[in-house]
């Protein structure tokens, strides 16, 4: 997968993604992927990645999956998002993979799964599902 | 409300909270409050506070509300959390107020509401509800 | 609270509500209430009221709360709904109380709480939050 | 897939499933399927299947998927369930397919998708994700 320059530009304007060290690695045809390291600055009290880190990249991967099927003059906003946390966020890198479940003119239902990579193996650490609203820029 | 030193210590170990500029202002009797500025480092693409910021302090306020009713040798983990975003995160300060809805030995159901303060007035920007699991340290 | 005839008429067209023995007891100004007995026909495997019963009246109470603030030529559809079950549905009567959290032209965020009444005392058995879409009839 | 007699017996004790005309068609190895007609008794106000019908069979399919990986002396209860409704419930038959996403000793994360069959084609009408608690009978 590749990343459309317009979507990359939207991602680059999200200072939160920079703060988390996140990178947009794919956004095309209703799918998107974001990676992020588990930085010393984004931990919870037990030393694992914070749920807010996992949520942030999962929500953004879902949002860019939605944006990838919209016109160039549209943006998306998260209306609601649910996350089930499955395992601690520990390892070398987090990978969030987002996808569109149901496109719509007024609402786009999206999902994302987040994995932690450690020594080449991936552990499924979270699953998200939520609703995006297309807006005019 | 005040903050128990043990709960403050747990909060201080969350480097994510420091990165977001968040402060724990209350945690007692099943309620907790966390404030955070909208920093230049935690924005989304339109210049508002990122949903990940709102989620992070809302989830943590819910978690510390739960922790405030547990024994000193217990911790909590988020099992699942839902967020409905109601308005853009803009203003001088975000305030997340968490509460326990239903305590339990195996699960604690919690909720949080997040407000944006601007010129002294508060706007309700998000509502969260989720499940915490008590664990032994 | 009272029930607007147009809202009562919508409720009466829901054969599911009749099957569950449900009654709309209030719908006004962003609030609604629905009651239902725990019938021999709506139980789960342990003899308590089925989660589907609790969900159905909670979702409908949220929906009629939303409908109560709309124009006469509008309807609502549930886009998404979350339920946390807090206690078994047992007792004489279930009461679902719905309310609008955030009105909007495109989306209405709603909540509902469901209680089981037994010997005059109420137990909080479920809390719901979800998104309604206003539609033209 | 087949249905274990113990799981069939649990299903048969759910009078709600009988009221909805639902049948358990599979429950094995972390997966389960339930079908239900759209009866004249289970409609919403526009004549489509009620969201409570879709929720009930989706929640039960998720629950029996979880039960299928537990010991014979265990039951499951729904702790929380989320549903996104994707399309109206119309057609000849609803089919709910549940699966375990993450097994656990204390919690089992499950999902279900519900489809409406019409003239042999299936439309995806809802997706659910939620948490089951294993209990001793």
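For reference, chains read A, B, C and D in written order, and residue numbers begin at 1 within each chain.
In this text, contacts are C-beta pairs under 8 Å (C-beta built on N, C-alpha and C of every residue); 3 or more make two chains touch, one makes a residue touch a chain.
Being a predicted model, the structure only gives us computed values, none of them experimental.
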Tell me whether chain A and chain D, two copies of the same sequence, contact each other through the same residue numbers or different ones, using over half shared as the line for same.
same
Chain whose mean Cα position lies farthest from chain B
D
Per the centroid of Cα atoms for each chain, what is the distance between chain A and chain C, given in Å?
33
Computed distance of Cα centres, chain D from chain A, in Å
29
Take the average of all CA coordinates in chain A, do the same for chain B, and state the distance between these two points in whole angstrom.
21
Considering chain C alone, which of its residues make contact with at least two other chains?
79-80, 82, 84, 109, 131
Can you name the residues of chain C that touch chain A in the complex?
79-80, 82, 106-107, 109, 131, 133
Under the stated contact criterion, what part of chain D meets chain C in this complex?
10-11, 13-16, 18-20, 40-46, 50-53, 55-56, 59-60, 75, 77-85
Under the stated contact criterion, what part of chain B meets chain C in this complex?
82, 84, 86-87, 101-102, 109, 111, 124, 127, 129, 131
